[in-house]
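Got some structures for you, see below.
One chain, chain A, appears in both complexes that follow, with chain B as partner in the first and chain C in the second.
Entry: the complex of A and B
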């Protein structure tokens, strides 16, 4: 019954619109139960040009074209400006789904990096010194994250009523997560007058030089793991 | 969604669900009620029969049940036909030419339902769809079962596993023979399973006419995966493909429309019903162009944020057509993300007429030609959101 009402309401509402939009809205809209995700046989899309070149080289494209593929998400494009790691960092910066602001902040941080590096480039006197300075903020982000990634982790394991901090290997995914998390946590320890993009740019530059608080945190963790080597056997005993 | 749209979707869905039923010649399926006397002649042990000279109690009970079921189905069929006639008369159509498709359309029209779950909406289907098929007698008049695996309780299922295991052994043997002969494997004989998947549990149950548990279904999958993984598995292609179900047909390469031509002699194509989230729109692509984009009579600055603009440009940049076509779109409803998504799909769908076959395949692999049908998931009663639950308190 309510559907019929909605239908007529829409017709009434749209009668004043121009003809092209009216033909669209005349169709009765009914909210059917729809799947909120794709079935598991849908493959992930390969939308970046460089990945597709690989597929074509392996002559795998034809086989892949017969399988249903999920559409790329709203933030993914084949544009040269899209980068998976940058997207990841933006998602970590994001609060309450405000992606637009998160993206603005990260891009502002990149701008700050670029400005600082160009300033340094022009201050450098010799060509060798100039060649050493990395100007691409994306490369600096990659370098910074790589330098912050821990190689080991401490797991609390309870044995005989005592919780031991047991060192062990870390997965690639968790290592990346910790690196980004630490970078952002360190950025939050700033004065109120300093804005996020400035501080984040500074942290990234520090980390890419293998100095700074985040790298120190990683080294501390490694030191702790080294000190707790005696507990390592608790992982399997 | 329009009524017309639904009508287009429903026959496809019924075809899909009926698919396992159409394989009547399937060898594990004893459901087809063949002439009982014929079966009995072949398989009855006459010596035992002569000794007893009586129909066993099991057979008697079965015959009674079969008769009852036949009568029940006949009654149901009669009622269904009457219902169909009534519907046809109500719709003012010829009852003789009224098909199941028309029945569904009539019910959609006469009993409009806003119920969320499609299974709970009113429907009228033929009785053979509603009531599951039954097995024919599995034993002879003396009460002795025909099937060697009868006492497993699920003879068809275990026969299937047995056959698969047998095929595995045969393949191992064959592989050894090939190695011994030092022959090279046949390059043409390989299994192409990319476009299909294993039948799901319900479909397998329909194929076997037996109820199986989740664990048994997993076992079925394990065995079949193992069979498929062998290098010479193409020798049992028929056996394997019986349990494969084709994935959704890839329409992208089939029905590409020819572009129309306007007064200026430019080729153009309009894609209607570009949907994403709550947004809907139409997209027109004109072929010799300069890359001009018009969205609701504005340029690309219609979208404030960069992400949405990138989404609109995505298919154009991907195909390298950003300076060779003009795009005009009308969108309404939804937010920037939904509207840009709708336009993205519309542009990609329209560009099919202007790109070559390789690019089509690339677009398919990139997922540009897949309609994103996902919608906001509804809030559930008793919890604050679609999935979110209140904080757990012990008491």
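Entry: the complex of A and C
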């Protein structure tokens, strides 16, 4: 609320100067306590270089120039190795806002994947086998998450005093959430002596091969949905 | 199809030319090869570094890369030139390698060790001094010295070093006439007579771990005498030398008394070796921030890390800084990583990595890891 007040106060002050350029530059300056305390009409920032190029090419820039924009967070950079999914996974791993540690853990897992794959690459004898081996850890993460995403979900719906597990479609966002959540939950079921990065690397490699516990969990859910298809009509009745 | 393969081959070849050198003898390296990688043969690597000598993170890399490749860099070449130009009849020259954390001091030392091996030096190499004084595993063997009053022996570490010495100098110890000058009496029954080869002395130290520290003391003394009489030329390499001069070690006697480094027999033996009262030898030391605890790592310069005492002990010495990568070295290293599949992605990655790692070799290696 206070932000909104400040914002209008500034606009009032600036309008007295009657200088349009100044108003624009003043609009960009934001006094805020938290990154979350932005009003609804603040737009998300576009911080990737390729997105900005697209924006200019589509001549959308003019429309956005007059709209206030949130500042990007610290992790949202235009760096070459920024990746939205990796950032997402890091946020899932994070506990108590300790992002630095979370990032280190995920990066260590990537390193482990890379070492394993490079070793396998050198062991492979024929070029065809070598070509098959995926060396990029980010690609492996993408593949693993893609393989873990469920297509259906079960919703508890109460009809006639009985709660039915009703199968139904799942949103893209929730299936991504579930995939990452399952990957991390499975990783946590490790021995105490095994470190997180090792186990996480292992799970990612398994999932990218379409094997392993997480993929099995997804298939179990699908099977359950198939079994409960008789209840499907409860979704709308 | 053919043209594409051809192009691919050409590119591979041009890359191969820019970051690798086929010259595997360090003595042949010169200014033209700065920034290029040369490969050490596996058996040689085993002989030189089997008991330590290469940093742990680098060992991991060698396993992933399936080869041990070291970059030819200016500091190593400088020292080689100095060694060649210096007069061996004059007292030994002490070279001190210093630099930031992760700038490649230990690897420069490894390069020089290879050089020394090829040139036929007798190598006295301490892989990491802090291993003796600062690393305390649960069962650290420690006894009071029997020959020197008030001193402490580290028999297991000493025996391990003797084994290291033996593997590094296999060839020299086998066929060289390196004899000891006087009788050593270890106990009533055990005795090493004057005129027996130093291999026997080393063997005794390994078999009778109890006497390993005394054996090292005797061995270093004998090697000094042998070098003075021109029977062998000696190359002393000590990594993390400033650990000897840090006021405290992490060792405790069973009576909970803190031990100072100068109360350890090994320290005294190796400090004797770094004095310039002998000739026909080379002494290369590295000074590292990592060898001392975090609170005393403010600067990487020798005067700070060696304290006044250590600085005066070494005093006329040749300081050689091992710095960050130059542009050329950085580019060649990046190419090498790309060749070894360690680094991938668009080529503007390099500019960014160069900026974020500040061209520090270790940081660069670390930051490439998750990419």
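Basically, the second predicted complex is superposed on the first by the 201 of 237 C-alpha atoms of A that agree within 3 Å, B and C clash if a C-alpha of one lies under 4 Å from a C-alpha of the other, contacts with A are read in each partner's own complex, and residues count from 1 in each chain.
The criterion applied here is as follows: contacts are C-beta pairs under 8 Å (C-beta built on N, C-alpha and C of every residue); 3 or more make two chains touch, one makes a residue touch a chain.
Everything numeric in this text was worked out from a predicted model, so none of it was measured.
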item: Touched partner set for A:70, first chain B, second chain C, both or neither; value: first
item: Touching partner for A:47 - first (chain B), second (chain C), both, neither; value: first
item: Dominant toucher of chain A (residue count), chain B or chain C; value: B
item: Touching partner for A:171 - first (chain B), second (chain C), both, neither; value: neither
item: Chain B versus chain C as contact partner of A:193, first or second or both or neither; value: neither
item: Contacts of A:114 with chain B and chain C, given as first, second, both or neither; value: second
item: Partner chain in contact with A:163 - chain B first, chain C second, else both or neither; value: neither
item: Which superposed partner A:126 touches (first chain B, second chain C, both, neither); value: neither
item: Partner chain(s) touched by A:59 [first = chain B, second = chain C, both, neither]; value: neither
item: Touched partner set for A:81, first chain B, second chain C, both or neither; value: both
item: On chain A, the residue positions that both chain B and chain C contact, one per complex; value: 79, 81
item: In the complex with chain C, residue positions of chain A that touch it; value: 79-81, 106-108, 110-111, 114-115, 118-119, 121-122, 135-137
item: Chain B-touching residues of chain A, taken from the complex the two chains share; value: 1-4, 20-21, 24-25, 27-38, 41-42, 45-47, 49, 52, 55, 61-72, 74-75, 77-79, 81-82, 99-100, 103
item: Chain C to chain A touching residues, read off their complex; value: 60, 63-64, 66, 340-342, 344-346, 348-349, 352, 369-371
item: Of all residues in chain B, those that touch chain A in their complex; value: 1-3, 5, 112, 114, 116-118, 192, 194-195, 197, 247-248, 250, 280-282, 305-307, 310-311, 313-314, 317-318, 330, 332, 337, 340-341, 345, 358, 361-362, 364-368, 370-375, 377, 386
